[in-house]
Amino acid sequence: MMEKGIVHYGVGESIDAYMFIKSSVKGIASNGKPFLTLYLCDKTGEIEAKLWDISDEDEKNYSPESTVKLSGEVQNYRGRSQLKIRNIRLTNENDSVNLSELIPTAPISQDIMADKITQYIFEMRNPNIQRVTRHLLKKHYQDFLTYPAATKNHHEFMSGLAYHVVSMLDLAKGIAALYPNLDKDLLFAGVILHDLGKVIELSGPISTSYTIEGNLLGHITIMVNEIGKAADELGIQGEEIMVLQHLVLSHHGKAEWGSPKPPMIREAEVLHYIDNLDAKINMLDRALERVKPGEFSERVFALENRSFYKPMFQK
Amino acid sequence: MMEKGIVHYGVGESIDAYMFIKSSVKGIASNGKPFLTLYLCDKTGEIEAKLWDISDEDEKNYSPESTVKLSGEVQNYRGRSQLKIRNIRLTNENDSVNLSELIPTAPISQDIMADKITQYIFEMRNPNIQRVTRHLLKKHYQDFLTYPAATKNHHEFMSGLAYHVVSMLDLAKGIAALYPNLDKDLLFAGVILHDLGKVIELSGPISTSYTIEGNLLGHITIMVNEIGKAADELGIQGEEIMVLQHLVLSHHGKAEWGSPKPPMIREAEVLHYIDNLDAKINMLDRALERVKPGEFSERVFALENRSFYKPMFQK
Amino acid sequence: MMEKGIVHYGVGESIDAYMFIKSSVKGIASNGKPFLTLYLCDKTGEIEAKLWDISDEDEKNYSPESTVKLSGEVQNYRGRSQLKIRNIRLTNENDSVNLSELIPTAPISQDIMADKITQYIFEMRNPNIQRVTRHLLKKHYQDFLTYPAATKNHHEFMSGLAYHVVSMLDLAKGIAALYPNLDKDLLFAGVILHDLGKVIELSGPISTSYTIEGNLLGHITIMVNEIGKAADELGIQGEEIMVLQHLVLSHHGKAEWGSPKPPMIREAEVLHYIDNLDAKINMLDRALERVKPGEFSERVFALENRSFYKPMFQK
Amino acid sequence: MMEKGIVHYGVGESIDAYMFIKSSVKGIASNGKPFLTLYLCDKTGEIEAKLWDISDEDEKNYSPESTVKLSGEVQNYRGRSQLKIRNIRLTNENDSVNLSELIPTAPISQDIMADKITQYIFEMRNPNIQRVTRHLLKKHYQDFLTYPAATKNHHEFMSGLAYHVVSMLDLAKGIAALYPNLDKDLLFAGVILHDLGKVIELSGPISTSYTIEGNLLGHITIMVNEIGKAADELGIQGEEIMVLQHLVLSHHGKAEWGSPKPPMIREAEVLHYIDNLDAKINMLDRALERVKPGEFSERVFALENRSFYKPMFQK
Amino acid sequence: MMEKGIVHYGVGESIDAYMFIKSSVKGIASNGKPFLTLYLCDKTGEIEAKLWDISDEDEKNYSPESTVKLSGEVQNYRGRSQLKIRNIRLTNENDSVNLSELIPTAPISQDIMADKITQYIFEMRNPNIQRVTRHLLKKHYQDFLTYPAATKNHHEFMSGLAYHVVSMLDLAKGIAALYPNLDKDLLFAGVILHDLGKVIELSGPISTSYTIEGNLLGHITIMVNEIGKAADELGIQGEEIMVLQHLVLSHHGKAEWGSPKPPMIREAEVLHYIDNLDAKINMLDRALERVKPGEFSERVFALENRSFYKPMFQK
Amino acid sequence: MMEKGIVHYGVGESIDAYMFIKSSVKGIASNGKPFLTLYLCDKTGEIEAKLWDISDEDEKNYSPESTVKLSGEVQNYRGRSQLKIRNIRLTNENDSVNLSELIPTAPISQDIMADKITQYIFEMRNPNIQRVTRHLLKKHYQDFLTYPAATKNHHEFMSGLAYHVVSMLDLAKGIAALYPNLDKDLLFAGVILHDLGKVIELSGPISTSYTIEGNLLGHITIMVNEIGKAADELGIQGEEIMVLQHLVLSHHGKAEWGSPKPPMIREAEVLHYIDNLDAKINMLDRALERVKPGEFSERVFALENRSFYKPMFQK
């Protein structure tokens, strides 16, 4: 049984562990024989691996979304870690491992997150906002609780979407306490709905990619449409519908970032800020979690390619 | 009766004509007396005018969307023409003038345009595309035939929206004849629907401004929603719906121009080009229509502030 | 005594009030006689005024930073309100008015703000950070409590700098409670010091303009230097000094916004966000405070020239 | 004899065909022996190939612009197809293959294109425009009919330049029919001359690269100079010369795209649009020609790196 | 006779001087009477003036490029100086004033500049470069010595073009002495020719505007063509022609600044720098010439709208 | 003993020479054995090398900043030269080689450069400027004479910083002779101090990287602070200090290039130009030094990725 996560292995160390195959690509080596490049993960992260001289059966077995038991050694290949596999087999009933142990996932359970969000909706006082929010969350409930918030960059793990929303709700609550002009109902509804279109934009909770609809329309447009449909189904006609649509539409902040209209309502502007702040802190924490005091992190593409420093006085 | 249009009057000329008040702003002159700044138009264009020393009744009478009979003189004020009004009165039943003679409007009649578009829809072979297009056109039929295509820049006259669509359809037909891979049904439907959301984004056929929904959502988002609703109402489920939504969504070409997704389908790219080409030629024709051979036009803001030259050999 | 603030007067209303002269410019009218254009303010805002046919004494009396008693009428001049002065005189001992009643100022008293900041410093656990922060605040104490945070855009009123810092401290506290990896000492010190250089960049608490040093070096560079000097004077040599300098240096976020280094430390990134969020909410609140539900605000230059809508359901 | 084009071979398939060597680079393998990387093409496209353990004679034989007969197998190398050569030899007189069968070329014959362009020139009514256009076309006739329109991105095949011009002429004709203000003579001459400088900018019809003059001056400047010289030689002095120079100069539309002056004449603006539209449709068709309905194309760099979708209902 | 130049008059001072009318615009005052706005200059600068209640004769007399004798008073109008004219008359034979005394001109005489440039050409050792340069200078000799280098921003005075070239030649000589790899012949020829196209782009030495050819082609393209023609006429065929054309073509440095090719030859890059440096120092000197130590200049649009400070220790 | 520098070896040539190890990275080959990738240099340039099948002792010996004697062969690897090492050993006392012969260094000796700069300081007439400049140069004297001016792009060799300063001083002197308004003391001091912060920003004269302080604050901020401290230590209070700080602060010219304030003083603008010009000519000379007449250089990233042509007439 694996005792430490894959991200904690250094070059030269041997590994013997269960892992999950995220993707698998066949190639032909310079000796003319086929091989597989596997992208493997466990709860802590992922690593590229090479499986040389494969049979037809190997190719079929070690396909994406399979769980395997393997042993091998971590090597350095062009500056990145790579796993050289010695032995590998598919897991079977006798292996005491289950999928949820091998996939990065939110640090809070789905139940706790669900309860928290339910409570935020419960406390809303504007009935139109409350009804639309509850309706849409219910409609996409199961996917909302399991999907990631993105395919990369931030919250790109199982249940990342719900985790992002819960963090933002707490942040919104704290900010609303300091600036009393903010309309809490609107702000909380905006937080809950802003990325909900991702359950249609993305393919699923694991090995996530973009759907055709995701590519052609995007989660913002998808959710604006969904809000319109929800209002029709619920027979709601107040201005709240258009305003909620505006909050979702504008939450990327600028046209060049995907919002055809910039925030033009107080809560829309704040929603954009909260979304950014939570995403950035999530990326910062991840970039710095394996950095020692007095050192710089790797560059983070989604943070303008910056590298971050951990001060020596922050033990 | 007016014999030549307002745009053809030079500085120093006297005028005696019927005109339409587009907007009216009250001010206080340096002598402490109130005056009105009127924006007047006839079929050929518009002019700013000053009415000094007004009474309360004047203020009430000469409000926006009134029709007046006036005489005065064209003067130069800071480089622009300005009309100094000598006499003015509201029109009454005895004046043989009607609104349509005083407002810039498309050069083709609404009936002819309606027939032309109907014919394009009639020839569509894909039933899903045809039904959605017909349904939406019918739903907004009256407004579609009277609204301008914009509040300024291009086709900003009565029925400008329909005129823009008809020009684009003919252009699309010509291009499709040269590039046989293009899907005519999709392209024609895209042309008809691409700006239809303007009937909700804009306030009306004359003295046009943006509605609240226009400001907060914009005509692109509005029409994408409308296509979704139309499909629901008609019980259509094919991929055509998503593709039509993509065409409308992407027709501005780039995120910074208001399309959160760039064209990702052949016909979407061509639609974007046709829209631009027709709009630019419309602006060019207007900029050059009063320019003499061997001279430059005024600068046109929406054409990157360029000034255009009419060659001397083009009589 | 004035009963309502200057911003609440509409065109056509008469006014009889004490006001403060922010600036004064002499001109020559078209009749060849000199006049003064005065920029007047009270606690609620400001207005431009014209004083015609002035004497030499008038010109001397009604110079900037004088307090006057005047009566007149609000007029519309090219779309903006302008005050036409009927009577005006300098205030004297018999007028029961004092400066602080005529100048926009922070909604919390200087004493309360001072106590609050002292408490935040008191709770710091890192002695180097605490000592430098306390030293610099003490050095510029009086100016810090009275200066605005800017000459325009946000917190541009008396004590605006301290008010901005206090709001940001509360915001920082709320955020630090949600993201436990944040180093509170560093974040709070960053908040307190980030704009402290403005007491050298700007000319004073009222009629504020830029000093020569403010123009040539800017508040960021000024404060980075000050931190270095403070460390020398206090004999502190830890890495905290360089890190605090980095927080101040990077708090505008990007080179093109005036920070030659982008945030490269977790707390620096968060500081940049908190600064922005508080400034934006301050601007939003001001833009919306006189807007009725269902209407749009004026455009706000510092918020990318956007106009903001107040929903009808937000009474 | 080859039965299907190189682009239709999948990974793992064997090939036995005539091919043309576009370029050839020598390298040293990890075993210390020299090898050649060959870029091979046939009429349908190109592929990279490796020839291992080469002799000095091999190196000499398999140089650029040779024709070879080879057999081998298509493999996957880092996500791209690569040909592993088993046997290779130069072609000789007994091989019934000629160059034109191995090189991508325009889908219309040079004769037909030449006739079509001649007809367009014949119909011009402005003698100055007609004479300059005919003179320059005649001067560069042979190269015009064989050169590509570019080294990559669009129309980068033999006779691509003439093919691009013919497509644009038909497009120009269609557009001119719809917008009668357009000066057909000027527009058609602009189309014919706009890229003619490429016969000097580029090195030749195959294995095309940039000449020194092409790099230092560019085809736009080259052709503007050529028009001036032609006018001198023909003794023409009308404004048409300057206007034609402007059309060529401005046809890239913006300074940052290589036109030091933007279009400032109606036909110049339309020329820019027609050029773009034909180039984009050419790229789109090529990107989509091997894409199945329901799938996305590869990303196209010259189309802002977009990937294009082929709808499922477009069989 | 005027004793001090117009730029040295302050608000409130009376003036009695000869001046030159650069341009003249008729307007109608609020009392309905016509007036002229004159832009007047003397050797030191220019001022706007108003002439009220004009007769038809006045309008005819005080047209552009007339010389007048006038008296009046300098006033402040919206922050700028404006001359209120009391008396004005056209100059006649009895007035001991001539044009050259009233127009800003280069500080060195045309003869001295001509000699200096001749000497630089004389010292060239590459015969091709020398012959082309001499030929083109001779062809445009008179205009070259009298034209300004621009209509505004820098060297926009009579003989400004030659003065700019002479300054740049000296600068080029100094730089070439420090970096011996530079080809002096090429660099000096580039300096002499780089802006010579302005004699065709601009309308003349005074009241300068753009010609049609200047607008449609620009001085860069014009001079590149001229170099080509000169080579033809002189029967020169060396690579020097293309290289000189490249220097002229690329001297604005970047596509977005009007050079379709960036500098790709050592001397082209240096030429671009010398051109910029001389232009910027010229603008800086002009901006600072009336600024007192310890003060800031007005903002200079062509220097990115910066304002410049004159240190107090620079007496 | 090596007879020609490393940059002059072509593919296929054997080499037998002393070289210096700039950096060293361990890898695992496909046969599972460890190898070293060494970056080697001599006075003329650098090359990548592979040392296969290494022992633990090899790994220890061939670490960065060691000097070695080696023989091997130059090969082509993916288009770049690579050295295949046959024999390698550390140098010992018997080898008649010393470090300075193996490291790229300035073409003028440190002594001559030091004398030259001393003379420039000696001639300054403003005592405040002279004292601060002398003080700071003395404080960092040894590092100033040995550090490079950058880690890459320009003057990235030993003593490159001093060499860059000396070249700029001569350039400044030449320019100041032509434009007499320039304050020589200020300009020369600006040249000497502008990059002096690099002795703290960078790690040392060889194998140079960025220090933590260099990353977090940058050489501009570092030197602005140093000037402030120097003034304190010397008891100088004149405006010269702030002005010198401004020159250093603004010498990158624009915010996006790292200067939070643009040049706002005449000498600051000129300093920025001189810095750029010397850096660009240095890069140009290096790019062209191995290019034959009639050929283009490799692309130079720091010169906007341009490639430069050496004309055929420049032998």
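Labels for the chains are A, B, C, D, E and F, by order of writing; each one numbers its residues from 1.
Just so we're on the same page, contacts are C-beta pairs under 8 Å (C-beta built on N, C-alpha and C of every residue); 3 or more make two chains touch, one makes a residue touch a chain.
These figures come from a predicted structure and were not determined experimentally.
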**Study point:** Least step count from chain C to chain D, where 1 means the two chains touch
**Key:** 2
Practice item. Mind listing the chains that sit against chain A and also against chain D? Key: B, F
Study note, to complete from the structure: Among E-F, B-D or A-D, the pair repeating the A-F interface (over half the contact pairs identical) is A-D
**Study point:** Pair joined by the larger number of C-beta contacts - E-F, D-E
**Key:** E-F
Study note, to complete from the structure: Taking each chain's mean CA coordinate, chain A and chain C are separated, in whole Å, by 40
Review point. Approximately how many whole Å separate the CA-defined centres of chain C and chain F?
Key: 45
Review point. Where does chain B touch two or more other chains at once, residue-wise?
Key: 212, 215-216, 243, 264-265, 296, 307, 309
Practice item. Could you please write down every pair of chains that are in touch? Key: A-B, A-C, A-D, A-F, B-C, B-D, B-E, C-E, C-F, D-E, D-F, E-F
Check your understanding: Can you list the chain E residues touching chain D in their complex?
Key -> 212-213, 215-218, 220-221, 224-225, 228-229, 232, 242-243, 245-246, 249, 255-261, 264-265
Review point. Which residues of chain A touch chain C in their complex?
Key: 126, 128, 167, 170-171, 174-175, 177-179, 181, 183, 186, 238-240, 243, 254, 262-266, 269-270, 273, 276-277, 280-281, 284-285, 288, 296, 303-304, 306-314
Revision key, fill the gap. Listed in rising order, chain E residues that touch chain C in their complex are 75-79, 84, 294, 296, 307, 309
Point to revise | Footprint of chain A on chain F - complex, ascending | key: 25-28, 32, 212, 215-216
